[in-house]
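Below you'll find the structures, each written out as structure tokens.
You will see two complexes here that share subunit A, one where it goes with subunit B and one where it goes with subunit C.
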Partner chain A sequence: MNEKIRPFNLAVLVYMSQVGIVVFTLPRTLADYFGTNGWLILIPCFLLSGFNIYLISLVYKLGNGRSVFEIMEQSIPKPLLYPFYMGLTAVWMMFGCVIGKKYVLLFQMLAFPTTNPMLFKLMFDILAFMLITKGIYTISRAATMFFWITAWMYLLLLWVLPDFNWVRLTPFILQGGHNQFKGLLEVYGAFLGYEISILLFPYIDRRKKMMAAIQAGNAYLSVSYINLGLVSFGIFSSDQLKQLLYPLLDILAYIQFPFVERLENLLYGFFMFLVLMTVVMYWWGAVETAGRIVPRLKRQVLAFVLLAITYGISFLPKTIDEIDAWISFLGNITTGVAFGLPVLLITVLLIQKKGEKSGG
Partner chain B sequence: MVNKIAGMLMLVLLLTGCSTDQRILDKLGMVQTIALDQADGDKLLVTASIPVIDPNAELKREILQAETNSVKEARLVFSRQTDLRMVSGQMRELLFGIDLAEKGLWKYVETQLRDPSVGFSVKLTVVDGKAGELLAAEHKPHADTGRYITHLLEKEAAGNNIPATTLYEFSRDYNDDGIDVIAPIVADGGSKVRVTGIALFAGDRVVMRVPVKEGLIFALCRGNLKRGEAAINLGDTIGKPEVVVFSSVTSKRKVKVHRMQDGRFKVDLYVSLQGSVLDYTGERTLREEKDRHELEKELSLSIEDKAEQLIRQMQQKKTDALGFGQYVRGRLSYKAWKAMDWRETFPEVEVDCRAKVKIKDYGKYM
Partner chain C sequence: MAEQHERLSLEHILHEFEDCADLTRRNFPEIGADIVYFSHTVDNLLLINQVLDPLSALQRKKELEQLLRESQFVRVTDSKTAVTGILEGGVAVFAADTVHLIDVYGPEARSVSESETESIIAGPHDAFVESATTNISLIRRRIRSSHLKVIHCSVGEISKTDVYILYIKDIANLAYVQDLQQRIERIETDAINDGGMLSQYLEDKQTSVFPQFLTTERPDVSSSKLVSGKILVLIDNSPTSISAPASFFEFFSSSDDYYERWVLGTALRLVRYVALIITLTFTALYVAVTTFHYEMIPEALLLTLAESRNRVPFPPVYEALLMEFTIELLREAGARLPTKVGQTIGIVGGIVIGQAAVQAGLTSNILIISVASSAIASFVIPNYLMSASLRVIRFGIIILAGIWGNMGLVIAIAVIVIHLCSLSSLGASYLVPVAPMRGRDWKDVFIRAPFSLLLTRPTQNRTPNPIRQKNRK
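Moving on, here comes the complex of A and B:
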């Protein structure tokens, strides 16, 4: 725990916790809600998440790098704070849980149609558990390793480039969509994950440009999303994209070699690293938060109990549609938390500063 | 300790977990080609070809046939006829009988798109006649007709003359309001399978055929060529046919759209191609630069003429297989485009084709 996370590892960690299961549906969401050239909406989302990270870095600066829990506990009475912690724990635990379950259900649809998905979920959770109990430094190192294992997959987009045609993009900007606000929330869900970095303050090196690293992680994610969006709109016609439930899977399925085709089963396995990191970061955040309520309890035991509870709850949603409903509901709350928490902390910090001045 | 127990638990799970989804290669019937035909009533005649893996087997493939209401239902019928477990994960080719293709294909394509085990790269081909009969027939020396057709079309597509159409391209162009679908046509030619042309669709129905000898003209008008081959007939001006055989043809196409004063659209189609002349049966000598230039001009005129004729036919059949709609769309506002019925407007568009031919070389002999 003494070792601090370095800027590069932090950038990778942020990126890895952002990119998750949503990437499979993202191009479709863009086409469905925003119509022609829907990928453009990713740019405001990028700016918005950048602004959100700026808020987080303000908290870091104003609080002199103190842990956000310390900041809150200094000014807010515990009876008020504990329900809030519990809420945070619940939301983050459940969000991670449904993301994991969605991955498992998709995997099952592709490769193992009749095997019980909860078996895969169990294995997934065991992996996550082992990572969480190792602490954030190890998680960040694992994230870096997973990043290098999966980074080459962007090159696969080159494979479909011969089918890219600018004409298919059409000159129309965001025409033919519907329900844009709901769509915006859903698209923004693809950027979530960076907000967990607000819990990382005690674990990062204060001398280095850590906040820039978080921005860099987010920027890398945005660039790769915009890439994927642009390519999807250029190789699929706009109405076709609306009908593809998982455009990324179709892109992967289109890649073929003379001796074997339909590699998506194999490639889908690589996405586990991305989804696993997202889930691990949310769960790690939840365990950290819950740890403030029961500081005496060993972290391993706490993580085990929390994971067992959510595993139980994850039996409830059985179909992909149910899972999607849960993901978008919990995603909206998480978006609220992502903006609300830094704003709350900044307010608390400003009040504390004022108090210090008038007191001193 | 905790980790060790977890590790052991995982191993046990791995060993027992997927018993219901186990797949043993020898016991799988990996459908390679499916042929669909119109049967009596509204039923569908489904023919499937499965390669036999056993090296000692006399036959290299197994043919299964069933009359059902849906393609996927046929799979259930098939599995009652064979000792293999039917899977469609390695399917390469879908053949449609012409009867079916003239009635509409989208619902059959849609079921394939829905199936998570079917990839986007499955090829779609129209058969002039009964698709099932073509697939079931023997074409020596090719042991497996399905694979033979796949390779034949792959080769033709590589030469750019007859485009191969995949599930991806079919669904992409079907769902695009500015272009229509195309697909290759094959027919049983006795001992051989012959590629006979290109089927042009309006929506999901075949409405027109481009014969194979105009395949190159069509390909030139539809997109860029990288490696084509062509024989262009300049007509009987000297008492015998004057033919130029081109190889290594590369071409570029450009589309420009104008709006004329009466509100109609005018499409300028620019085609420029380069190639080596392999054979020429006319009166001119290829070594004279002047003669070559004249020949280039004549070729250009001939291509322009044939292209315009082809496009006029397409306009009569209301199929915009060249995708002019995509460019017209680019000139309009979203509202105006949506308000216009492109299929009805397309026949009124004035198309002007301008070709530019360059003879890169004429081989190694004067």
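Moving on, here comes the complex of A and C:
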């Protein structure tokens, strides 16, 4: 059957590939770098990511929905292109890998201090492998299922609302922060993930408003981040947030029911679905890119080899601090790719159009 | 040609059916005719009225020739057709050098009765029987339309079982009909004995644990599926019909939902989805919590739980697997035994796992509650095949929860979801209307909205005529 990704599913896919491990530390990062009412910084980040998506939609329009690989391969010679593809593959594979490793390390810290985290990582990678080898349509279906399985968790914020106090927000805006450029990069990392949608052009339904769907996914993410930011600043205040390692876990641990309490490790488990989708989308993008270099190699084999390599590398960072350093380093490169790739493609497309005009 | 003519003789047919003691042969010496048939596949009344009486009344060969010219007698020239005709309930009439077949098919069949596996409270109680023609008549009685089409195929290299594909023209998607027909024709096996078996041959992924087509014994369900644009497959000698394409969520609706008020129907559907969650996760959650996450239990409950578990010498995962296995044993034993003996199993099982196991210190009270609720919840799911699949999967979830606690539970859910996402039914997603999202269908999947809102047919069926009901009130 000629299946195409529909707008709702694309929006969900984009949202799911954006929301990930950063959500646990986001309120602290906001408070730490930007001080009082740091959550406001999410608004310019939202606008910036919206602009980046606009660049992606320009590529879609100028290229008439062609695959980005086709666009590049038409104009750029392969000896130049292949190292670029390899770079993209490496960045996306490693970024996905460290996100997965951080999730696993956090879980180990929460519930299984004596278990080797690489065992969990192996299980996590097997799940990701299962999804990647089944293709983008299955990934998109899984994203939609996981979206509904996790969507109800926002209602949990209602539980802590009685403890929300406007006073804690203070009337001051962005006071008490430091190194705001670094902070901005770090916060912007929470929005990353939408850039993979640039690879989805051949798989989406051209008749529908797909670019609006990507924007909608990003907007939904931003609204939920702003909600989370606002609620955490209103519950903890910016000074207390600076002291908390993982404010979201503290919020979750606060929830109690008559028959069950300390839900954070069960709910943390549910976050696996979100992290898994983020990682899967990066890895899917990487496998697609690597597939252009070795088109004859079966995707399953390619995915297996790439995953095995990154699994090997993921033994290197051992502590959460090390992982954080890797994440922020790779996150900065990924941000560069998120802006650079569409700009490069637009340039290539404009040159192609010019060539066509002068040729015709 | 000469060889073929020679082969189609009475001797040849008798040779073909050599050692078939159930074959009946009768001779009419006055007119030089012989008839051959299987007495158990023919309708006796028809046989007397259409064959025996007319032939006995004849005196001369010429009259026989005249009789055989009537349209119910079909001339056959090759032996294969004659053999198949006899096997399919025909009578072969051998006269001089010609052979004719007359169809008087009418085997013994169970009369239409209630379904034992899919009982409902409100609504029609009749169920399919083992005769496909009777089953088609039950459908035709409900859908009196010339648009209801029936395609005949046969499966089984040896059994040559009749299979019928039913669909409503202009409502069903013909691409699905063709696909299904091709899949049926491609089957090469000795024999297929039941609809449940046939559906496994037709599925997109035969290795999956989940049934990918909906099977039912109820004619009212089958005809409502047909009207919604699905395709129905009936196989002779089986009361099970297959409807395709199917979605995972379809297995959680029952025909009562439509016969009762919408509020009740909606409540029941929600109860079934809660049952799905309970049957899959409740015991596993118990294992996860009592093995790794004691902190999740509030203090008041913790004391009761600790007291209940203090005599149990096994880790929770063994305890849970032991009890789940016992329940499965009881269920299987109860299903195999006659109803009267089955009651004994219920009582023995109730005492053994309810009381004695706890007193003997083999298991805790709370586990019994959780295992029993999981078992009860699994029986709430209306489709037997789906509920059986879920019960099997549950063991895997319990084991994973025993190894990695809550994380194991979540990993198990992820594996199930990923597997479900990769399934399709006749090429259409198995998770419609959730993935891909079809919001319009939700009002007849997760709830049962009032009929005034159920205006369209399900999108999964890709029907050319999606409007079901025009008048909005």
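Heads up, the rule we're going with is that the second predicted complex is superposed on the first by the 358 of 360 C-alpha atoms of A that agree within 3 Å, B and C clash if a C-alpha of one lies under 4 Å from a C-alpha of the other, contacts with A are read in each partner's own complex, and residues count from 1 in each chain.
Criterion: a residue touches a chain if its C-beta (ideal position, glycine included) is under 8 Å from a C-beta of that chain, and two chains touch if they have at least 3 such contacts.
Everything numeric here is computed off the predicted structure, so don't read it as measured data.
By the touch criterion defined above, A:V167 lies against subunit B but remains apart from subunit C after alignment on the C-alpha atoms of chain A. Within the superposed three-chain model, A:Q300 lies in touch with subunit B and out of touch with subunit C [touch as defined at top]. Legend: residue contacts after superposition of the two complexes on their common chain; A:P113 is shown touching subunit B, with no touch to subunit C. Applying the stated contact rule after C-alpha superposition, one finds that A:F129 touches subunit B and leaves subunit C untouched.
When the two complexes are overlaid on their common chain A, residue A:T144 makes contact with subunit C while staying clear of subunit B. Contacts of A:L350 after superposition: neither subunit B nor subunit C is touched. Of the two partner chains, subunit C is the only one touched by A:N9; subunit B is not. Applying the stated contact rule after C-alpha superposition, one finds that A:L266 touches subunit C and leaves subunit B untouched.
In the superposed model, A:Q256 lies in contact with both subunit B and subunit C. According to the touch criterion, the shared surface of subunit A, contacted by subunit B in one complex and subunit C in the other, consists of residues 111-112, 115, 120, 123, 130, 256, 261-262. Interface residues of subunit B facing subunit A in the complex, by the touch rule stated above, are 2-3, 6, 9-10, 13-14, 17-18, 20-21, 89-90, 92, 113, 116-117, 119-121, 168, 171-178, 323, 326-327, 329-330, 333-334, 337-338.
Against subunit B, in their complex, subunit A makes its touches with residues 36, 109-115, 119-120, 122-123, 126, 129-130, 133, 163, 167-168, 170-172, 175-176, 235-240, 243, 249-250, 253-254, 256, 261-262, 264, 300. Per the touch definition, subunit C reaches subunit A in the complex via residues 292-293, 295-298, 301, 404-407, 409-411, 413-415, 417-418, 420-422, 427-429, 431, 434-437, 439. Contact residues on subunit A toward subunit C in their complex (touch as defined above): 1, 3, 5-6, 8-9, 12, 107, 111-112, 115, 120, 123, 127, 130-131, 134, 138, 140-146, 148-149, 256, 258-263, 265-266, 268-270, 272-273, 276.
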